[in-house]
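What follows is subunit A paired twice: with subunit B in the first complex and subunit C in the second.
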Partner chain A sequence: MTTTDTPETVDSFAASGDGRIHGLRRMLFRKPGLTTAAVYGGVGIILLLTVIGPSIGPWLADAGCACGWGSEQIDSGHALEGPSGTHFFGTDRSGQDVFSRVLAAPRINLVIALAATALSVVIGVPLGLLAGYIGGRALAATATSELIMRFMDVLQSFPLFVFAVVLVAVRGQSTEIVIIALTIVNLPVFARLARAEMLTVREQPYADAARILGHGNFRLIFRHLAPNSVASSVATVPMVIGFVILFTASLSFVGAGVKPPTAELGGMIRVGANNMVTGEWWPSIFPGVALGLMVLIFAFAAQDIAARMRAVKRAEGLMSAETSVEAG
Partner chain B sequence: MLEIKNLTVGLPSRAESGFDTMLEDVSLSVEAGQSLGLVGEAGSGKSLLVHAIGGLLRPPVVPIGGEILFEGQDLLSMPPDDRRLILGEELSLVLPGGRIRLNPLEKVGRQIVRVLRDHHPEMAKAEALERAIQLLDRVGIPDPDKRALAYPHELSGGMAQRTVVAMALANSPRFIVADEPTTGIDVTIQRQILEDFAGLIREDNVGLLIVTRDLGIVAHFCDRVAVVSEGRIVENAEVRTFFKEQQHPVSQELMRATVLERQKAAEWSAAAASR
Partner chain C sequence: MTTDTQSPDAPATPSTDAESVSPGDDILIDVRNLAKHFKISRHENLVAVGGVDLTIGRGETVGLVGESGSGKTTLGRVMLRLTEPTAGEIWYGGQRISHMSTGEFRKIRPKLQMVFQDPSNSLNPRMTIRTALRDAVRILKLPRDERERRIAEVLDAVQVSDVLADSHPEALTGSQQQRCAVARSLIMQPDLIVLDEAVSNLDVGGRLEIIELLQDVQERFGVSYLFISHDLTAVRSISHRVAVMYLGLVVEFAPTDTVFENPVHPYTRSLLSAVLYPDPDAGLPEYALSGEIPSPINLPPGCNLYSRCPVREPECERWEAELLPVERSGGIGNHGAACRRLDDILAGRA
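Moving on to the complex of A and B:
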């Protein structure tokens, strides 16, 4: 497309459809390809398992199927049995059904991941926006901004794993502590992203334009600057969810995560790892594959969202190029 | 109405005075119902002056001395919250650039509604939206009710620029400072907007300070003209006398450049005719 084409393109964009204007929206919600459908289908399945996963085993039992088990039900008479018609994925060393547990585990993993990610976004993004907005201005404001960011440096400079293990060791093993540890680990990521974007957005010409229209600081930040500063944070969320799932599993694997007998993927791998050397692979491999799939799905989702945002940015850039008149 | 007294703007330096000045001892005054054209080369300080009026100077660039009086109140020394009540309400600025002056994530109609309701919270949303559409219509945007629902990137450059003008006019200001308000707009719409300004000056006694590099605009729409060069006002004259004879070399240079352009146009039409 040449530059001279652009005006018509813009107009046809604006006037398309029923007269409503939806260029941007069309770009964001374009028809999904097969891969995209698979990725979001995967996310959907994980969400579904989060809701009903733990009930599937008992439900199968109620339905009279020989394969139905509760995820925490123990049958020590059948410990370490290989995959069969009764136990699709076999049983672990205490006689728990691996299939039921693999279905039940996403609940705890995802709840931890969502909670920790949400908390780090809710705390980290506003802190970063604040630091970005007030930084480099008056002395007191700059000092506050620096204080926030240097604190983030401190948080980030801890070796993540050691930090989480120590926190769990000190405060005891509980889901809440795991969530708090993971929140602290991810907080700086969002604070930095938000700050970096705010630093550029606050200098944008439309920020000045909003100021001279008499908008107060509050309106300026919440209506004009913040919404324009959160794109990279949003695009990072699915990636962080995947990372947190992996991290939760790692913590459980070293025994600092979720307390057994709650079905949790990392914990299951840990329990099964002892039997791997003697040839009973199933208690570890199945939860391992499940874990890998979950992380992979969220990584793909992150990539997809980032690609969509790039497409929108590019489209906007293309349409703006033609108006690059000198700004005094 | 707007009176700038001995305004000096600069940044701290190791110079003897402690500052490098970017605007020096600038004095201007524009009365209600009057219009002043501010002209000058690129980098002369025109836009800096506009930024100073809007309170947009940012450290290290600071006002060093002087006053910017709007109806007797000094905009420079007043608390930002008080200045905010005046800006966008009684004193409106149009900044150059068009689309880049609009929040990319909000529909333009909504942005105009915000300007209206920020200063008049009692105004109902529906009423504000209707007024926003009227404003878009007034600056010559076709299908204003549809365009009000557009995002800035869905507008053409000229439409975006006109939207910026509409936002400045929203609260019927009594003084307008317009920095290159019609750059990037095609001439017919340009004329329409400038005539709208002229109507406001004539009928509503509005004051206008217009920054431009187009002496034609000055000749047609301004009462006085001030020439800025290297941060100083080098000439400030009635338009009538200015176009008869320019006192300062910079003004003469500006005139000559414009004349040259006209000669070029004559040359072009001659070239086209000979094909």
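Moving on to the complex of A and C:
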């Protein structure tokens, strides 16, 4: 390669370029504070429980611990027992160990949340990108864009909970149907975010530059515009995961979610809710706290990601302004 | 849609006269009565470009100057069909590209490139410079070795080091970014590059650096430029000919020295007299136009400058502006101006 390393270019790069890029990286991957560490530690624990949660009880039993119970195992004759050395979180009205079930429940909640969110992203983001790219151009293209977005309006205009309950009632109660219902519920969120960003990005000079080089629409969208149009969607994913976990629990609470006896936080709260008035609080409170913590952890993670993205964007903005007004 | 490939007819105005093209006689781009209107509402049209005739020769730089909102950028974009024209024709190398289908035009597209005003936003932030160049040259469907050779060649031409080439745009200064944008255009081996305010966002040093680079590239590759700028000094230093635009029309078109030393159109005179010199005693412009620039929405017929012109006559209000050859009036030659009072101006009566 025959490039010219003039002293001027090398010097100016050393003075500005290298420092800038490292500044951005530092901002994006900065050393986490205590709160951030706690949030991502929490995410790590949830993920770990998703993998090994249902096996912890049986492992403890195998190790000879009296506290080791399977998540669907019944300790007959010990229904509605309070927290003790044998049952850390007590037992529910069927005699199932609440502690083992709380450890096992994140698996189904998180699997549903991840699957539904992933499907919403995979379907919603491309639809939004397409609607944003073709909107306001030729008549047919604009009509297609409008059709997509009005369809999203229709989806959003339904009361979400009623919509999901009706879908489960019509199609039957299964994990797959819950995932489909939650996917449909979240489609408009990602479609709208992707469309809004695409509308901005498609007007950027680098989009015109790619167009003028001779790129076709397909390459223009997927190589140049889409990677610059998904930041908001990415930042929203943890928030939606938290929302879907809560929504799944709500569906299970009204009996339209995951079928018992599978350990699921909403279902566990429902089972224990009847006993609250008679003073047996533990079958509901422990899964309730676990559910609250899970949702909060994902909400904080979403907030942290959004804050980092904002900081990077602000830094880029400052740099670009500095670049543009070099004359000072 | 048919594609005409015969030679363009003889032009009707001085601006399209082959003899007026410098430095060579070979016309690369011939724009005829090109117009772009934007529909604002059912009854309102914004006339961004109102029927422009313009030629650019091979290896020539044509400067395009005028106030903000005069239609310079739109004209550049329409010439490259980045925005589709409302009317008129664009001829390139004997082909009428304005009427080509998108598929046909895509084959020609690499030969007509553009460099944008804001260098920080004209490079994809997610691509390193080298990736962006690879992405561009991929369109030409060349063998891999040839692609890499061409990337090295343009990086060398615009003096971008390997370290810079492997950086993202955010790590570069404005003039480095603009050099990379020029490299991206250059890699397509274009015949024409539209430089849309390509030096306006740069500091004085960066401006000089890019202008020298552009001149060097032109000498080396024989590329033509349409140099759109507010900066009259930059335009004078790089252009062979200069077109002055006002409200969507070219009001004067002539060799650079002629425009700067002997302008005849009232608008050109006011534009040149508005240049500020670094001399506190120089005073304010002596040939200033009165009033505000009219709205380009639903422009009335007649001379666009009528409401502000210091030498207007009642007949000017109905006069359809067209470029008149200045030599016909005993003037300088290779020079056109769109003023009904051209004879009076040249005779010193206006």
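In this section, the second predicted complex is superposed on the first by the 298 of 328 C-alpha atoms of A that agree within 3 Å, B and C clash if a C-alpha of one lies under 4 Å from a C-alpha of the other, contacts with A are read in each partner's own complex, and residues count from 1 in each chain.
Rule of thumb we're sticking to: a residue touches a chain if its C-beta (ideal position, glycine included) is under 8 Å from a C-beta of that chain, and two chains touch if they have at least 3 such contacts.
This is a predicted model, so every value here is computed, not measured.
Colleague: When the two structures are overlaid on chain A, which partner does A:A169 contact: first (subunit B), second (subunit C), both, or neither?
Modeller: Neither partner.
Colleague: Kindly classify A:A273 by the partners it touches after superposition: subunit B alone (first), subunit C alone (second), both, or neither?
Modeller: neither
Colleague: Based on the superposed arrangement, let me know which partner A:A37 touches: subunit B (first), subunit C (second), both, or neither?
Modeller: In the superposed model, A:A37 contacts neither subunit B nor subunit C.
Colleague: A:L213 in the overlay: touching subunit B, subunit C, both, or neither? Say first, second, both or neither.
Modeller: So A:L213 meets both subunit B and subunit C here.
Colleague: Could you tell me if A:R137 is touching subunit B, subunit C, both of them or neither one (first, second, both, neither)?
Modeller: first
Colleague: Which residues of subunit A are in contact with subunit B in one complex and with subunit C in the other?
Modeller: After superposing on chain A, subunit A residues 10, 13, 20-21, 24, 204-206, 208-216, 223-224, 227-228, 316, 319-320, 323, 326-328 contact both subunit B and subunit C.
Colleague: Which stretch or stretches of subunit C touch subunit A in the complex?
Modeller: Per the touch definition, subunit C meets subunit A at residues 80, 82, 106, 109-110, 112-114, 116-126, 135-136, 139, 148, 152-153, 155-156, 159-165, 167-168, 170-177, 181, 184, 188, 201-204, 206.
Colleague: Help me check something: in the complex, which residues belonging to subunit B touch subunit A?
Modeller: For this pair, the touching residues of subunit B are 42, 46-47, 50-51, 54-56, 59, 81, 84-89, 92-93, 95-106, 114-115, 118-119, 146-147, 149-151, 153-157, 160-161, 164, 167-168, 179-180, 183-184, 211.
Colleague: Which of the residues in subunit A come into contact with subunit B in the complex?
Modeller: Touch list, subunit A to subunit B: 7, 10-11, 13-15, 19-21, 23-24, 137, 204-206, 208-216, 219, 223-224, 227-228, 315-316, 319-320, 322-323, 325-328.
Colleague: In their complex, what parts of subunit A are in touch with subunit C?
Modeller: That would be residues 1-6, 9-10, 12-13, 16-18, 20-21, 24, 204-206, 208-216, 223-224, 227-228, 316, 319-320, 323-324, 326-328 of subunit A.
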